[in-house]
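Each in structure tokens, the structures are laid out below.
Each of the next two complexes has chain A plus one more chain, namely chain B in the first and chain C in the second.
And now, the complex of A and B:
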């Protein structure tokens, strides 16, 4: 346990000091950290899932607070939570299939808990169905309903569950943790190879003699362009340097090293050149649920220019960048101001910054991110294929459970009180709808 | 080669393309012929002047006055149609051509070396032209342009004045241009294909080269030479500053000018100015506003009353140039400041991009008059012109916010007005300005914030542009790879050794007119659709001025 705590603290420090660059690295590190949290977490005999969820949440909450702008952290925490829930469900359905009788007798024992158990049984059944059936509106609604119930069941029905599951506790306790760790390993694998899957699609999008514009540097974009080059497509790349970090220089160097024809331009020349560009391909920092993109600073300008000239604006994003949150005022709220010294030499301008001297004041604004609204994005290319911005919400539903959108732990009592009527409301609402139809 | 052309188009000449000087014939060499000397091409606004100047008969005409010449024109027009049929059979013309070619080849033999040494002037080849022309056809040289008056329809003027820009991907012409050039620019490697038509020189070499030539500047006036050097070194930048420096240099040159023997002031001075202009263009491509100023100077020279003595003429020209600087630039700026000031309200947040001296004047004026507002200065690589602006504004007590052009969308939320300068405003409403201006205007447009372009009316130009590629200026590509004050950004240091890597440093871009809410000019505040009207009215005014 203590070594996990030190790991967590180390990572927290790194996040707070912004030592980790790039959402892919962050996502990977987060997933690895959570894996070790899970593996070190002592699992009780009852409610293993809850224990794991709580442990992950506790860590996740701290991680997210350490760098709220690095959305990949939150995404991975939610992914891991979702994995735990899914593994638990699949185990539970397996158990239900084998132990239907014992579960029924359990219900009769505990009359006051009857409703809960019925509900949870229904939920389990629904989940079992959803794994077998293709996604539909009904399974979606049932999904949300089911996940809303989980904490409630786990927090209140501990005893009855414990009794029902005590039969095969020895095997299941290990199995859940094992399965979860397996799944997290897969997730880590996915994160580190996502650009390969994205790059595979390059040939479908890049044609001969095209001119492609990109801004800043992104490993995914680099691999994507290189993959097209490998497939004997000859095209030119304009790289906007992405001041004040000038990562475009890095990208240009890499591209040239790989034999692509590259032209470096200033960011201000983007509009001048966009009329000769066939496609804009950029990386993203995060993709929000509405299809908006949190991207390196300057991309909103590029997107606007691309829209003006009807140039497709393509965003490459690994699935770890999909964020299940809807942005509100993201230009300001999901942003970070970096050091002014990247823009102005402090030594040169220190006299201007001294507002006490009676002269005017000087503020230097150096934002890190831009928000590109979904209407400016033509296409997302993720490791699962190309998607419209309007489809992002659905893609996100595949990766996250609705209950995890808020990672912050709620007080248990409040959770019980609030979740019960809400679950019912949803349920009756759906019922009414179904009747109506 | 002029001789050749004359013989090739004898018909045209004689029938008298007398009145509307056919600049297209002089400007576009037919593919069979050796290309034109550069100085003529670059100073295309008056390419014909140089042509006309070598014909003595024409000089006589000039001296005797306009009326007489106009009579003469009519006569020639009428008479020339008769001998035409008889004279110009194909065989004859061919024979003539051959003879001229031979004569020219001979003359080239001994004058060729001289021509290279005496670059920048048209002098060396004049002798041959004279003789050949006089010999075969005394009446043909008279298409004079310098005497063109305002009574000619403006439309034709316009066609003539619209200069055919040098396309630098044209190899033949470049060869010739290189021979004549004072600056002797070295072409840079790793050119961007899209911009082969624009000159891209190696920076850092020209300046010492040119400085070494101080004592062999030939016909260049020293102050012209100096201004050119300063253009090259980047000491003078900004449309107004460049324009004023050029006009002052012209003034100096005119003051020190004395007409050589057997030459007419009007013609010789115009050709001098043309050679200065081509020299300036070698140092740094001319801005459109400078083109307008040059046209003004030339039209003033051309419209000099013939009965003026040399001294009077020079004084008149100098005072005209003074008046242009005062009225069209300095006073115009003041008027623009007054106009734009009415759009500044208390509590405004004004965004500006880069460094525009008019915008700076507006901000300072509004601050002096006690308006409470904030300024956002957006800046961009590689010149970081905004830093100087910020420094001056803060020193005057304005509160400023400084950001990079990429941060424009971030800062735009709080902005209420965008004030931008311009290098030129074109007659389709396009604003041609420092690269990045269009980006800022576009973001402002997306946020529905009014964009005010502040620009003096002398920068209005009748050209049209749709994109920033056809006409532009390329800066030093090394400025892209180096980032001042950031030693950590050095991965492109040896970019020139990589064949696949190109760096593009564009200087200007074209902002489409729909991003512009209003253009503040010395004639008032106009929508971009009214630019052609101003161009029309304004041209008439300055031709008559």
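And now, the complex of A and C:
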């Protein structure tokens, strides 16, 4: 136990000091940390799932507070919570199926359940997701139904459910924990391979003699472009440098090293060049539930320019960047102001900033992120395929359960209002809240 | 377990490759000065809140994030408070970061502190030496790497100092941090520090570089625009050096200068310059103000209030740099201006205006209060209608309704200011009586500092005025009705001009003054097109100190000797005139002299040579002079570009006649006439020399009288000229 605590403190520290940058690294570290939290957590015979959920929540709450700007932390915490619920449910249904008691009366559903008892629910979900590309109406419907049932039973059942099934749970022993850890491992695997999965789709989007524009630096974009190049597509890349951190320079260097035709332009030249561009491909910091994108500063400008010239604006995002929250939620802190030293030299301007010595006082604002509204985004490419912005909330519902939107245990009404899951879930969600209060 | 190892490795990723031995640091939780009095009588400086967080937290946070693994906090004055604070904070229970305290009651300086640390034998490798009042966000990786590389090549490289470029505005240059001007000479290639002078202010623009510096180093860059960050990376030898030299007290004044002067051991100090990173030390109230502003402006990111929250309350950043903690109750009509931090639990009344200030936790601020540029700590109550400008108000102070704090006021803990009372500018108020003697038990202080500061005190009239003002104040405990506290007097000469170190902005007239002095300097530099003049010869230089005078007199003496020796060598070895001029020019530069000084010195050397050449009578002496001058006139005339220089040599000649070479006394007029004929001196020069002497003592007029005949003749001649022209 002290082991986990030191690990957690360690990670908290790094988050607080802003030592970990990039959502992928953060997501992976968070998942790894939560895995060790789960594996160290002693589970009682009854209510295993609740114990695990509480443990993860307790840690998750601290992690989110440590760096509220890094939304990937919260995403992963919620994903893990969802995994626990899913696994618990699948074990429960499996047990029930074994006893010959079927929860639902529908025939088709029964068949589904039978299958589920063999495979773990997460594996099924993963399989469903992989068949999701390209999405057909059939899979869509199935998927909707499946995930709609999952949170419902788990949430409405709650503790009484657990108590009634305590006997089975005891017999299941360490099964749940084991399954959960397996599933988290899969999640970690997913996070680390998301580049490849996104990059696989590059050929479908990039064609011969096209001109691609990007801004700043993103590993996902780099891999994506490189994958297209690997498939013998010849195209040009314009890299806007991404002031004030100028990470575009690094990307350009990397692209040239890999043999792509690369041109570096200033951010201010984007509008002038956009008419020559066939597609804008950028990375994101986070994708919100409404399809809006939190992205490195400057991208909103690029998106507007692209819209003006009807150039497709494509956002690449691994599934760990999908955030179930809405940007207008007051709980969501979407931006961070960094040091003005990235813009100005310390000595030269610091006296203008001191209002006492000069006539006026100079303010320097150096925000890290931009918000790109969903209407400016043409396409999202995630590791499960390409999606329309309006579809994002659906995708998010696959990964998260509505119960976990608020990781903080203090009930917050704002969160209820801001989250927009399907009507049934909202209903049960609000009901639960009411009961608590 | 696997995961633990992994993340463990990641933590020290930066530091790991560099540091096999855990990187250690010594944090001096005592500044060994009295600049923060009277506040430091009650609480150690490192625990004073800087933007609502005790200073030591900034330093510790930085050390931790820079990859330091073990910190020794050296506590001296108020050691119990520091230790208690650390125990109650979570610093002692951090993973991969151990903080331990070393307590000593009888250390009076940084030197003593390091000697104590050495005796403990806890430092095993390179360490970071820092004092607990430093705020930085720099990355140590590069500096450490450089230090280690150098150490590998040259075991004498014992220390790397971190420096940063300071504000380029020359007028109020160093005053940004309220520290003295700093001159440094650095070898641009190796970054070795060759010269360090932080008290150059006293000599007003003169700077003495040892000649050997120029001889030994192929190139040398002199810096006046750098700021010392007081972050040092030291090798373990530094500690033993302190032990060997038991008289080293001050880190910079004794240790650094000592090493630079000592060429027997050959220890070297290097510098590491940081550019975009931030580092500054809080040395006095002005730097407290400046660093606070820098934090609010986010130069120190991520050490900013909304990211670094030590308490439970979360601070949020709003537009225009307003930081607001949770649970603030603020009246609708209150106006909070830009760059303001407000701590949790604070109440703000109607129509109150707050701007550019830091307000601590749990303060009660009444209605119609104006707060501007103030630092208000925790649990303070300010009643209705008060006006506070650029003041520091410590914990528990009560300011009754209608009271006014003028700029630069310091109110120490639990002082009570009575209603309608006006606290005059720059006053320091404490519940404690001002200690009579400078050596108090409470805070140990650096013994030498008073004398040093005293000797360098500038007697500007403004300062005297402010002193008079301050002695004029009510002596003690009179802070209006029901007030509590003693107003401290500025001890005579113990402090520099108050405005320089106060939290209040630099008064307008001071800035103007500084700019004016600078412009004067510029004009003069323009005149002689070479070097800024030494203080002594500046036409509108105000009364310079006697010390100063003597100093440059001494200097001139050596300069003259050098020039004379050079001249004699030239005569004996038959060196070409142009070469001689070149040599004298280089002397001029190294001694930082004016052309007039050169002219005087060359003239002196020539006359001396003429005098020393064997001669029987006054006539043969004149003969000698003529011989010397016909041969070497060119050398002298090359320095006589201006009338001022000609006057200088006449004055010089006069001086010689009356002092060192009385033999010339009788020949004064004849030689002067000869100079006139030879065009060494012009008519105007002679006339203005006479003019200058008009008001002199009778004794000084001897030679004017002697030359009266010549002058008369010159005047007539010029009149004739004028007539002719008409």
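Keep this in mind: the second predicted complex is superposed on the first by the 330 of 437 C-alpha atoms of A that agree within 3 Å, B and C clash if a C-alpha of one lies under 4 Å from a C-alpha of the other, contacts with A are read in each partner's own complex, and residues count from 1 in each chain.
Convention: a residue touches a chain if its C-beta (ideal position, glycine included) is under 8 Å from a C-beta of that chain, and two chains touch if they have at least 3 such contacts.
All values derive from a computational prediction rather than experimental measurement.
Aligning the two structures on chain A places chain B and chain C next to each other without any clash. Once chain A of one complex is fitted onto chain A of the other, the partner contacts of A:11 are limited to chain C, with no touch recorded for chain B. With both structures placed on the common chain, the touch criterion links A:189 to neither chain B nor chain C.
In the superposed model, A:246 makes contact with chain B only, not with chain C. Contact with chain B, but none with chain C, is seen for A:300 once the two complexes are overlaid on the shared chain.
Judged by the touch definition given at the top, the superposed model places A:364 against both chain B and chain C. Touch criterion met: A:273 reaches chain B, while chain C stays clear of it. After overlaying the two complexes on the shared chain, residue contacts for A:390 are found with neither chain B nor chain C. Of the two partners, chain B and chain C, it is B that touches more residues of chain A. Between chain B and chain C in the chain A overlay, the least Cα distance found is 7 Å.
In the superposition on chain A, the residues of chain A contacting both chain B and chain C are 342, 345, 348, 361, 363-364, 366.
Those residues of chain B whose C-beta lies close enough to touch chain A in the complex are 192, 194, 379-382, 387, 390-391, 393-411, 413, 435-436, 438-439, 442-443, 446, 467-469, 472, 480-481, 483, 485-486, 489, 491-492, 495, 498, 500-506, 508-510, 512. Those residues of chain A lying in contact with chain B across their complex are 241-244, 246, 249-250, 252-253, 255-256, 259-273, 275-276, 297-298, 300-301, 304-305, 308, 331-332, 335, 342-345, 348-349, 352, 358-367, 370-371.
The part of chain C that touches chain A in the complex is made up of residues 1, 3-4, 6-8, 10-11, 61, 64-65, 94-96, 137, 164-169, 172, 176, 225, 275-278, 290, 293-294, 297-302, 307-308, 314, 317, 320-321, 338-339, 356, 373, 390, 505-506, 511. Contacts from chain A toward chain C in the complex involve residues 3, 6-7, 9-11, 13-14, 16-19, 29, 32-33, 35-36, 65, 336-342, 345-348, 350-351, 353-357, 361, 363-364, 366.
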